[in-house]
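As structure tokens, the structure follows; a few thoughts come after it.
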Amino acid sequence: MQGLELKLKERLQKLLDDGTVDCVIGWTKGEFIYDVTPAIFTKESGLDGFVYNSFCGANLSKYLVSQITSDKKFAVILKPCDTYSMNQLITEHRVNRENIYIIGVGCSGHIDIDKVKAQGVSGITNVIDNDNNIIINSIYGDSKIEKASVLLSKCQSCKGSELKISDEIIGEGIKTPTCDERFDGVKKLEAMTAEERFAFWKSELSKCIRCNACRNICPACTCRTCVFDNARSNVAAKANATEFEEKMFHIIRAFHVAGRCTDCGECSRVCPQSIPLHLLNRKFIKDINEFYGDYQAGEESNQRNPLVNFTESDIEATVISDKEGK
Amino acid sequence: MIYSYYPGCTLKTKAKELDIYARKSLEALGIEIEELDNWQCCGGVYPLAKDEIATKLSSIRTLNQAKELGRPLLTLCSACHHVLTRVNNDMKTNGDINMRANNYCAFDEPYNGETQVIHFLTLLKEVVGFDNLAKKVVNPLKGRKIGAYYGCLLLRPSNELAFDDPENPSILEDFIKALGATPVVYPFRNECCGGYISVTNKSQATKNVDKIVASAKYKGCEQLITACPLCMYNLNENAGADKIEVKYFTELLAEALGVK
Amino acid sequence: MLKIGVFVCWCGSNIAATVDVKQVVEAVKLQQGVVFATDYQYMCSEAGQLIMRNAIEEYKLDGVVICSCSPRMHEATFRKNAERAGLNPFMVEIANIREHCSWIHKDVEEGTIKAIALANAAIAKVKLNAPLISGESGVTKRALVIGGGIAGIQTALDIAEAGFQVDIVEKSPTIGGNMAKLDKTFPTLDCSACILTPKMVDAAANPNIELLTYSEVEKVSGFVGNFKATIRKKARYINTDLCTGCGDCMSKCPSKKGKNEFNCGLNNRPAIYIPFAQAIPNVAVIDPVQCIKITKDKCGLCQTVCSAKAIDYKQQDEIIEREYGAIVAATGYKPIKLDKFDEYGYSQSKDVITSLELERLMNAAGPTGGKLVKPSDGSHPHTITFIQCVGSRDISGRGKCYCSKICCMYTAKHAMLIRDKYPDVNVNVFYIDVRTPGKNYDEFYRRAVEEYNVNYIKGQVGKVYESDGHLVLQASDLLNNEQILVNSDMVVLATAIEADESAKKVASMLTASIDTNNFLTEAHAKLRPVESPTAGIFLSGVCQGPKDIPETVSQASACAAKVIGLLSKAKLVTNPCVAHSDELLCNGCSNCANVCPYGAIGYETKLINDHGIRENRRVAVVNPALCQGCGACTVACPSGAMDLFGFSNSQIMAEVEAICKK
Amino acid sequence: MQEVKDFKPTIVAFCCNWCSYAGADLAGSSRLSYPADVKIIRVPCSGRVNPMFILKAFERGADGVIICGCHPGDCHYSTGNYYTRRRLALLYSMLDYMGIERGRTRVEWVSAAEGVKFSTVMNKFVEDIRALGECVKLGDIRCKD
Amino acid sequence: MKKDMELANEVIRISGANPIRCMKCGKCSASCPSFNEMEYAPHKFVDMVVHGRIEELMESKSIFHCLSCFACVERCPRGVEPAKIVEAIRVVKQRQIGENYLDANDIPAIVDEQIPQQALVSAFRKFKK
């Protein structure tokens, strides 16, 4: 990992120096090693504080959306899974590809600090992540942890090591060994009775505080003004006044990104209430795959989203209302 | 694939030939059947009244038995085929009959018309294939002019039986052709001989039979074949002055296959 | 605060019998914004409209709700009326309390409650209506007629006479359709060819008409005034400019076993053929399936005998794209197949024929030169029996549920013609009812009975069979309560007619609606009988429902009048209920453009002032001339930037809320 | 038990102007009855129906929502109902996934000529909704009486 | 009159047929192989049921001459199913005590050597309760 950080830094400096780009979207270090924040570096500010380590799991593609009208050129560091979002943003004209220089980084999975801490490790000073096991240096000594057990949830259903779009590639990665099948969570819910499903979502969604973290991180949720913020939309609300509004917000949010969601998992990652929001998006993905054939949003740019597409022989909508079973 | 075979009452008594020749022929054709244990009478007639359940139960038990064995149910007698097919349809499509019958029978699992009822002729046509049948014929019945007598039970109502074109059927003619004989099409082959009233009103039966025989002879039939013991009896016993030889189709089949 | 007026129509007793209109008036008065409410017997009458206009002026109404019949019926009437009183016509909403309420409910209390709910929904909606101004679009001064039978020919001739260009697209090699096959026509017994062929010639000669025979329309896009059609001209393998129609090729062609379509398959034709002597265009066509040269690359005789050098075995299909202002469907009919009616023995005896086959057998240009003979042995028949309603009025699933309308009359015609030409032939007709509405029709049928002694027997036929060298009909004679056996040499089946198999595809292409029998639906059964509900699409002839020739021709001309009316307009008023995009909300994501069937959404990079932030943004722009107002884009748009005038998000939500309010 | 029998559901039917609304008109002019619980909202095309309308209806107390459009292939706007079919299959599946009774939502294709079908569909839908009873899983309790 | 219609409705219910659809074309009677044996022909049957004349039909021997061959059902253009109506009347009659058409005691006198079992089974099923 440390080697990769150096390589990146060196290359980015060069890109800034030779004028290929004006800015870099990367991470800046915080107080602790796991305390990293997405940041924009400019030629003027230089790459001081630039960091790339096992905790740089966030998807940076969304930060380009607000730069669409900028005439500056940006370098962005994207992991394989982030490139799907980039493709989707290009498809929807939400970023200006001409002004973007994509550095694809090889990836072998990123670490969820909460999962590390949950294993009883504290006072972390450094992490050495070169193997299936990671070594954690802390003020109380070193410990060795199986990497798979502390991966980010989204890495546990890794889409693979292939970069779907990039201008250059730095470092090699491997597909992280997946811990669970992508749709296991959805299937588990589907196997429940309607009453159980209802109770599950009622208890999960009632935790929602409408902080909009899911919406803000989501690389598919890029509306200038969200319908839920638009006073004239008849559905605007700043907080959930009723159980209905909790459901409404999340159903509509999932519906609006259906066919566009790349399943990056950021929504669940950032949710302060730990609501498994990805289970909503994955339900749509699973249905789309089952009803209309396998589809991966962002697999390439300029794909046609299945919700703005059809075939004459599509499955009838009554497939749901006439469905047998629980 | 083994077929559950349902002979029915008459094939065990007065229509033994229909049954025996069928068994021999199937053996020659390499089709395996197993007679259903403890089969019950189909009831002889399909009860048309919508509120009749009891009279359908024996058929339902038979159908369910075949379902439990996981085999199609092979029929031979036209009347049995008619009754079993229609009762099976009821179990598939009529919720009321289905519910009441299942409540009464209380099988381990409710019976919902899962069994496929297949007539011997359909088996010959679709499973064996008339082309293949023709190849297996050792004694072609060359030069014999044979008329098919369908009667009513196999064909009607066509939307339920789905056996053949009710007004211009061809399965028996194709069968006759496969045996090497010449099928003779005559208009009254799908007209009723009056089987149900053969006990109570012989004179009426005679009138019907005479029309059928006259029509067959006019078109040049030398012999008729049938799949129905009731028609067989009626055409033989209740014919007026003019008679024609009537055989079960299985007898001809056995003859042509050289197993008679 | 908007001022709303509500007008509740009784529609005589149609509404008032099941809906307490007074109670509706009282209830709507309680709604916020309603400053005036009243009821009247017939709101659509001049007196009713005056009440509305007066109220608009007196109360300075901003919006109007009419509780009446379906908006599909009188929305236009009331909108016009509002305009007369100076109110924008799009400030009118209709609550459908007749078709959707009084006519389907019996209980007055229930009906009244529902009527109030529907009125409240309309009030909620109208409060959010905005005045709309209709735009304009141009009209391509050319019409397309699909089908070259008598209906299509007549429509095309009338349109061409008015000075507009018309294309007739006919799928078979000649125009003329079914009428060209007929011998005589009822009720005047004039010869079909004598009245049809001059029209065919006129159509070919008219400089405003272009005939595209052996061609099919493959795709239609666009909208009223501005359609675009893709037409496939199938390869004839003949250069039509060179072919003189001499027919030498036909006599030399060795492949003579093709079924002669024109003679209903009663005789054969060669692989290269001219459908019939008066065919228009009078040029040959090669059946590619039958031709030995095309299938096996042998023969080539026709090319050697053709002195005009017109034969081209390598000819390919040609694709033509044209623009039209109006499209006429004139796809016609065909007799149904009789394979489900074999109790009549159609497939078992050659002497059982359909009425259309009889037309060919009696036609001087037919396979027998007009001599009526038994098809089985060519001998003279002594008795001919007609059976009516073969497949008509049949709900068993075998036939068609409707009356085919023409059979009673043509059967009387056939019976009469046979008795006239061959007085020695006995004619029986089995009928259920004899239906003869029409000028001189019943008189015509009575002549068959009274002058020509045609034996009409009330009853149906159960079975037709052969016995002793003739056909026997086992039938009911209902008036005598007997089952009778009738001997006959020939049996003629008055076969039901059905919409041509192309109708479904054509309707689908034209987005014209179609009924369960595949007949095209008219915009209104009584008041707009020749228009499809889709603007710019018109219906001519039997494609709309069974008709005889006089009716077909009148309808064809009526249809032409409507087309001419449309094509004569310099500009069309467009529906202002179109989509529009809020630039401030638009993400420029293209989802809306992806679902737009009209290509009406484009993108522009515009300088946007978003609350003081000025920047160039890619935003969707709707072309109102192209947009037809379906609203598919509004749902594809996640941000809600795209909305629809007249059916806006907030209007529909307001209706939902009003309806769900307990 | 008595209560169930007297239950008057609120049912919102979105009907496209060209086929299903006309089909409903035909049901009316043919006097083919269906329960007054069904209230129709006219939309130009079934493709105009936004999932938010459906959810809004439930919020405001609807017990069932049905969307009717032209038969696929016969859409007045050529393709609108094809999108409807996809959108609603997915939306309904999501509602089912969240435990909402799937009988409360339906899509039916009714042409302008199918007055009989319109009436049959509505009778059946109302019957189904009556059997399901009041919708308590979706909806704003403040909107209930 | 009211009682007659009640009986007619009972017959219609048992039969599951729909006599009101009849358009009086006579196709059933044209197809019936027993027409000449019957006092009331099939079309007449249908009409009498529509008009509630069940008792007359129950008294008629016609109901026992129908062969249930289904020719009328197969060919009826209106889906009326006359054979089912005849059977329903037969059933209503037999369900009345002592109204069986066939008496077991008469059987030995009328059977012959060859008669198949099935003929007896069917005769009892059709004509006796």
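We just call them A, B, C, D and E in the order they show up, numbering each chain from 1.
We adopt the following convention: a residue touches a chain if its C-beta (ideal position, glycine included) is under 8 Å from a C-beta of that chain, and two chains touch if they have at least 3 such contacts.
In this text the structure is predicted, and so the values were computed from the model without any measurement.
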{"item": "Intersection of contact partners for chain D and chain E", "value": "C"}
{"item": "Minimal step count in the chain contact network, chain B to chain D", "value": "2"}
{"item": "Longest centre-to-centre distance from chain D, chain (CA-based)", "value": "B"}
{"item": "Most extensive contact between chains (C-beta pair count)", "value": "C-D"}
{"item": "Chain located farthest away, centre of chain C as origin (C-alpha)", "value": "A"}
{"item": "For chain A paired with chain E, centre-to-centre distance based on mean C-alpha positions, whole Å", "value": "75"}
{"item": "Rounded Å distance between chain A and chain C, as computed from the means of their C-alpha atoms", "value": "54"}
{"item": "Separation of chain B from chain E, taking each centre as the mean of its C-alpha atoms, in whole Å", "value": "24"}
{"item": "Cα-centroid distance, chain A relative to chain B, in whole angstrom", "value": "68"}
{"item": "Residues within chain A bordering two or more other chains", "value": "227, 233-234, 307-309"}
{"item": "For chain E, residues contacting two or more additional chains", "value": "36, 71"}
{"item": "For chain C, residues contacting two or more additional chains", "value": "343, 397, 463, 595, 636, 649, 653"}
{"item": "Full enumeration of touching chain pairs", "value": "A-C, A-D, B-C, B-E, C-D, C-E"}
{"item": "Complex contact set, residues of chain E against chain B", "value": "13-16, 33-34, 36-37, 64-65, 67-71, 73-74, 83-84, 87-88, 91, 101-102, 107, 110-112, 114-123, 125-127"}
{"item": "Chain E residues touching chain C - in the complex, by the definition given at the top", "value": "21, 23-32, 35-36, 41, 43-44, 71, 75-79"}
{"item": "In the complex with chain E, residue positions of chain C that touch it", "value": "343, 389, 393-399, 432, 458-463, 474-478, 481, 483"}
{"item": "Touching residues (chain side chain A, partner chain C) in the complex", "value": "69, 91-94, 222-227, 230, 232-234, 256-257, 304-305, 307-309"}
{"item": "Chain E-touching residues of chain B, taken from the complex the two chains share", "value": "8-10, 13-15, 41, 43-45, 47-52, 55, 77, 79, 152, 155-158, 166-167, 191-192, 194-201, 204, 207-208, 211, 229-230, 232-233, 236-237"}
